[in-house]
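Let me begin by presenting the structure, written as structure tokens, before commenting on it.
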Amino acid sequence: MGDYSSEVISNIDRDYIAGFLDTGKRIDGRAFNECRNTEIELDVVAAKAEGSALVRLGDTAVIAGVKVLLGEPYGDSPDKGVMMVTAELPPLASPLFELGPPKEPAIELARVVDRGVRESEMIDTAKLCIEPGKKVYMVFADVYPLDYDGNLIDASSLAVAAALQTAKFDEYKWEDGNAVPTGKKLDLPIQNSAVEVTVSRIGRHLVIDPSLKEEMVQDCRLTIAVDKDDKLRAMQKGGGSGPLTLDEIETSMTMAVDRAQDLHKLIKETIKARKKK
Amino acid sequence: MSPETKPSFLINPEGLRIDGRRTDEIRPIELKVGVIKQADGSASIRQGKTYILAAVYGPRELHPRHLTINDRAYLRCVYRMATFSVPDRKRPAPSRREREISMVIANALKPALFLEDYPRAVVDVFIQVIQADGGTRCAAINAASLALADAGIPMKTLVPAVAVGKAEGKLLVDLGDEEDKYGGGDVPMAMLGTTGEITLLQQDGSFAKEELVEAMGMGVTAMKYILELQKEALKRAYAKKVAIEGEDVDEYEDDLETDLGEAEIAGEEDE
Amino acid sequence: MGDYSSEVISNIDRDYIAGFLDTGKRIDGRAFNECRNTEIELDVVAAKAEGSALVRLGDTAVIAGVKVLLGEPYGDSPDKGVMMVTAELPPLASPLFELGPPKEPAIELARVVDRGVRESEMIDTAKLCIEPGKKVYMVFADVYPLDYDGNLIDASSLAVAAALQTAKFDEYKWEDGNAVPTGKKLDLPIQNSAVEVTVSRIGRHLVIDPSLKEEMVQDCRLTIAVDKDDKLRAMQKGGGSGPLTLDEIETSMTMAVDRAQDLHKLIKETIKARKKK
Amino acid sequence: MSPETKPSFLINPEGLRIDGRRTDEIRPIELKVGVIKQADGSASIRQGKTYILAAVYGPRELHPRHLTINDRAYLRCVYRMATFSVPDRKRPAPSRREREISMVIANALKPALFLEDYPRAVVDVFIQVIQADGGTRCAAINAASLALADAGIPMKTLVPAVAVGKAEGKLLVDLGDEEDKYGGGDVPMAMLGTTGEITLLQQDGSFAKEELVEAMGMGVTAMKYILELQKEALKRAYAKKVAIEGEDVDEYEDDLETDLGEAEIAGEEDE
Amino acid sequence: MGDYSSEVISNIDRDYIAGFLDTGKRIDGRAFNECRNTEIELDVVAAKAEGSALVRLGDTAVIAGVKVLLGEPYGDSPDKGVMMVTAELPPLASPLFELGPPKEPAIELARVVDRGVRESEMIDTAKLCIEPGKKVYMVFADVYPLDYDGNLIDASSLAVAAALQTAKFDEYKWEDGNAVPTGKKLDLPIQNSAVEVTVSRIGRHLVIDPSLKEEMVQDCRLTIAVDKDDKLRAMQKGGGSGPLTLDEIETSMTMAVDRAQDLHKLIKETIKARKKK
Amino acid sequence: MSPETKPSFLINPEGLRIDGRRTDEIRPIELKVGVIKQADGSASIRQGKTYILAAVYGPRELHPRHLTINDRAYLRCVYRMATFSVPDRKRPAPSRREREISMVIANALKPALFLEDYPRAVVDVFIQVIQADGGTRCAAINAASLALADAGIPMKTLVPAVAVGKAEGKLLVDLGDEEDKYGGGDVPMAMLGTTGEITLLQQDGSFAKEELVEAMGMGVTAMKYILELQKEALKRAYAKKVAIEGEDVDEYEDDLETDLGEAEIAGEEDE
């Protein structure tokens, strides 16, 4: 997540990659605004999770699983369900990830992906209420990176969106003070979709969908959540403390909106293809 | 723990906000430098009802050692809210939100510092939110920036910060608590006082691209104003110190300019 | 809290301070039974806390905030509310305080201040019951030192007493199995007041209200909670393992009772002045 | 989070199991080697609906240092279940069950390794259960064993594993989820591929001694079969690699045999 | 628990002990299938615990205490009570035990003892229900080793069995949505008994009830829970990674079944002797 | 977990307490030395129904190292209650109460020890409350003091401890559980056996100053008696040891006196 750079990358690597960019090229041959091959595989945890998706972004792989539980609503929103994104950075996925409780990069990943879902109002939590003040559906979208070659946020955001939009869960109704299953399966109340797109600044160049090597030398990244109507729903500057000019921010927004259109299309087609099966 | 109620409007028919401000008007800001005797540097900020203290310790030896960075000081920011600073009691243990904000604050401040002057050391910035009424991460940066200067940490520039946002279709500067909660978007920003480059940028809500660009422009204008308030607070603090020591105030002012000027140059070389 | 001495203070400092005391003087010029300038500022968190107070004891500053929440009573006292004091030692307040979960000194601070409030029966918890066995008020008084120049206990105890005695909170009543707000504001059911006074033993001298430097060389301290009727409500020997003779304990008690009368007066006047505003 | 219901029978009148298997039949197993690019070695296993990934890192420097062993590498196994891998959501923090299983997996694998080749280092085996449908600790060992080989860690042998058990009076091989939950006993086992010695053995349920001995015998037969699957998976992976590099596949096969042969001899000296 | 060996025991000790075994002898003179002196003392925490037992196995001493609380049933078994074994390895009991939260050896001890109780269905949890879905009895059997000279599992398992089988607790009944005490005392619904027996492999020798010194050089241990009807109810291979042949496993089973018969007798007689008192 | 009920009186009309004691009478105390074989020193105490074990390990190397004190040994006291030692089940994790009590016990014992004899080492005092029926911190000190002596840690003196208190207007010595819970005050104390100086002092409840002074006086009398019990327990233990070794018991007794005498002198120089 760009926070590992000092440990691993020398100034030589930095100069090499930045110098390459000065000549208009990225080290893996992509154009500055070109993303890596992007794939969504649905229902990879079909037997246990209510929804699931595996996303590959080049060699980066992330799985998101959705669980729908019953729980009590929060005191300040008694008639709304709960939606939450969590993330771990399991040491299985990279030599850079460590054992132990989630550290800042895992927390940021979860919170940024969560913000994309929440701020786009992807799920209508008002429809996740079984009995006001008593029982609501709690939707957990949990993210597990499996192979980390850069840009976990975008891969995770896409996996979460796909998993949420294809989840099926058991309906419950309120009877005599208890939630009882009706035997019916429901879709989540999806009312929007948002995907996150990350642009890295390396030197004064902006590149989309940074690979691990690029993340390691980046000055910072800007992640932008874009919804179906091209509205910006969340932003996060992170991945280093390098500052951005207003122009760089505006350019990044434009790159993100373009990429988001492709990703929304990819989600739609993937879901359509699944229905045919 | 009063049950909260959503106000019936955030912008009144005259175009004024719930606390009577114009859309581009920031809340009253009171900045004080040198408020914690035990700290190497400190500052407090009251921005509306938001009340925050910042203390700086260091450069000093870093524990645990494995966090040491060989070629520069480690800037450790810790943003914490008092349990009683919010309507419901916050649990005492650091939340994920507090940890994320600590991280973005560190990122916001770092480009303003010459951390390479103190390899292997730590500069600690401890931020305590006493009362949270909107815009705490930006207010915290405003105060932390002064506390760093008060501690004599070599700086390229001060870092002003402000949140812009939206409510009922209008772009707003320096969101208050209700505007943040019930409005349509929140964009906390920080910038380098000298170059205007952005060091903190987050957003939620819903904005068209053009709208967001316009909002950020308003933010920059507000931050320029806050930068002046920061400079004045520093001067006041220094004047007081100097007055006590019986020296001339103006001299310091010159020094400050010079220092920041040098910092800028060094900064440009460095970026 | 006198537990930092070995790390910071050399034997030379110790000899210097103790030698000064042998000549009848304290390093800051105070008499042995003289306290530092003591100020209470009320309502410093007026917009969010139910009660709050900032206390300055010389250069020591402590803030206490009171929150009143709804909760379930403990099983062994179903008709009583809950009162609890907590404390942190935030690293903001002193180079001696460390990051991380509360360690022994923070725990002792909280427990000693708590004991003063609890044992003096300052609050009538029987009046904090909304519905027996179901819902009670839970009163949290949380202490944050802001600047640590010695004697946190006394400053914290005073801040907590002042915050509790000026707190206002929303009344709830029990209706159809739910606690509902009545719209009225209540005072806490205050039935006594207690303040804590700390005396340090340094060599064979006893000094009241130790400064940080004095704490660092003290053999031990004795903290005594005194209520409005000069009754002793709690004691804690701490701040080092130096033993005390019975005579020294008795002298400390006398010093504490005298000081407590001043502090009770200060609280009373501060509250009176506030009402006039 | 569907409310679960106990099936009305686990063995049908024809003597077949709930998923149609014979009592001594293992579930379909799909083994893949080299599935995680960032790892030094990796493998995945699908055994019925159970789906697990294993990654190996090392030998590498060990942190924290106090865990270092002077005369051999430390084999650190970490078995973790994804929150969504089970019917109810598993809490994210490691459970006592996960910690115990991590320990028994380490014990199951250790005798197959030449850890003394890498004193003071660590070999990390990270196991992630993606979907748990019975037999996860055994499936994990099957995959971890391949991941270790893929990482080039010197091995005496591969380690196949399987759970045997009982339902409605019949001994069963490779229990599925319902058989584990509603059956009458579960006996996870692992063995050294070369010697057949048992390196993992646990049991629950109720068995007469003789019955348990018989069940273990069935387990050994199944593990011999699984060992062949493991070898094939390795060959496939190597073939692919070699094909890419343009070399001859058979050569590797010889090498593997030789390596394992040597390992056996060394192993015997060592035990 | 055999996991401390590398820290303490040299190869010389190992060779010495193993060599002794080669000559048919154990270092403390026992036969390979001979256990140390085994004693059960009941009711050692009579005033506070619902049941308690102290077991001595040679110089190993373990105390188990049983508490019976009220609680809510688990969602997946609303009409069953809860039974749980926990264990600590307090540093009081051995220089090998460390301060801090339970580590793997403590977790394994608790889980293996728990499995013996659970898998033997010692307690009929269906009879621990007060009101389905609302309130059940929760039985905690907590294990504290007091003196660790090897083979904690067997000592703990025996102490837990004895404590559970002699526990008395307050009966509650369900009235108007609350659990109220009836004033009657109940026995736990005991329907079986199981004890765990551990056999160590050292070299190619199998010894029962290993002492600390034997544990420290063992290749591995096999623990087997045997019930009253000689059925095997749980097994755990642990205490090192040395492999076992099928023959060794079968021999261990035979040794365990024999020993278990003695232990079942000991429990029975101890309880009988207590009733007479 | 029986529902507790407050007794109808704590002092009966004859002036006797709920368990038949006079107001100045301590509960029966049984002290045993050398009860834990693995420890360097150990002791148990039964005081009424309170039952506690104490074990001492050390002086030994201290981990983690950063706790090391350069000019003396670190006395680490850990007071822990068994989950089943109290009416409700105590949670297994150390409570804030346990941590505070550990600290005051360390302070109570430290002045009796020559910790400067073992710079950079640790002396560990582990205390396990098996059954808590009032006065556990004082009983723990009584036992810990013996365990330290049993471990051969150089001591200036033994440390007896007792809680005094009040119920229904009467001052009481050695409070039992109900007297602590339903009485009007609790004053745990410990003192140096040789000088009578107070090393532990806490109080709750409500006392006039004079009343508290009187109560402390009663405590000192009781502690003098407990000190004799401690000495006898040590002698018994030594006698047993010596008898086993075939030596003369009286000799030890002389040695003990001499040792404690020397300790006193050293102690005075030292304080």
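Think of it as A, B, C, D, E and F in the order they're written, each chain with its own count starting at 1.
By definition in this document, a contact is a pair of C-beta atoms (placed from the backbone, for glycine too) under 8 Å apart; a residue touches a chain by one contact, two chains touch by 3 or more.
Only a predicted model underlies this, so the values are computations on that prediction, with no experimental measurement involved.
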What are the mutual neighbours of chain D and chain F in this structure?
E
Most distant chain from chain B, judged by the mean position of its C-alpha atoms:
E
Candidate from E-F, D-E or C-F with the same interface as B-C, over half of contact pairs in common:
E-F
Average the CA atoms of each chain to get its centre, and name the chain whose centre is farthest from that of chain C.
D
The distance between the C-alpha centres of chain A and chain E, rounded to whole Å, is 47
I'd like the Å distance between the centres of chain A and chain B, where a centre is the mean of that chain's Cα atoms.
29
Centre distance in Å when chain A and chain D are each reduced to the mean of their C-alpha atoms
32
Listed in rising order, chain F residues that touch 2 or more other chains are 88
Of all residues in chain A, the ones touching two or more other chains:
none
What order results when the ring of chains is traversed from chain A, passing next through chain D?
A, D, E, F, C, B
Report the residues of chain C in contact with chain F in the complex, numbered from low to high.
6, 75-76, 102, 104, 107-108, 110-111, 115, 118-120, 220, 222, 227, 230-238, 240-246, 249-250, 253-254, 257
Help me check something: in the complex, which residues belonging to chain F touch chain E?
1-3, 36-39, 49, 51, 53-55, 57, 60, 78, 80, 82-89, 92-93, 124, 126-128, 130-133
Where on chain E does chain F make contact in their complex?
44-45, 47-50, 52, 59, 61, 63, 65-70, 86, 88, 90-95, 99, 101-102, 140, 142, 144, 146-149, 169-170, 181
Complex contacts: residues of chain F adjacent to chain C
4, 69, 88, 96-97, 99-100, 102-104, 106-108, 110-111, 187, 191-192, 195-209, 212-213, 216-217, 220, 271
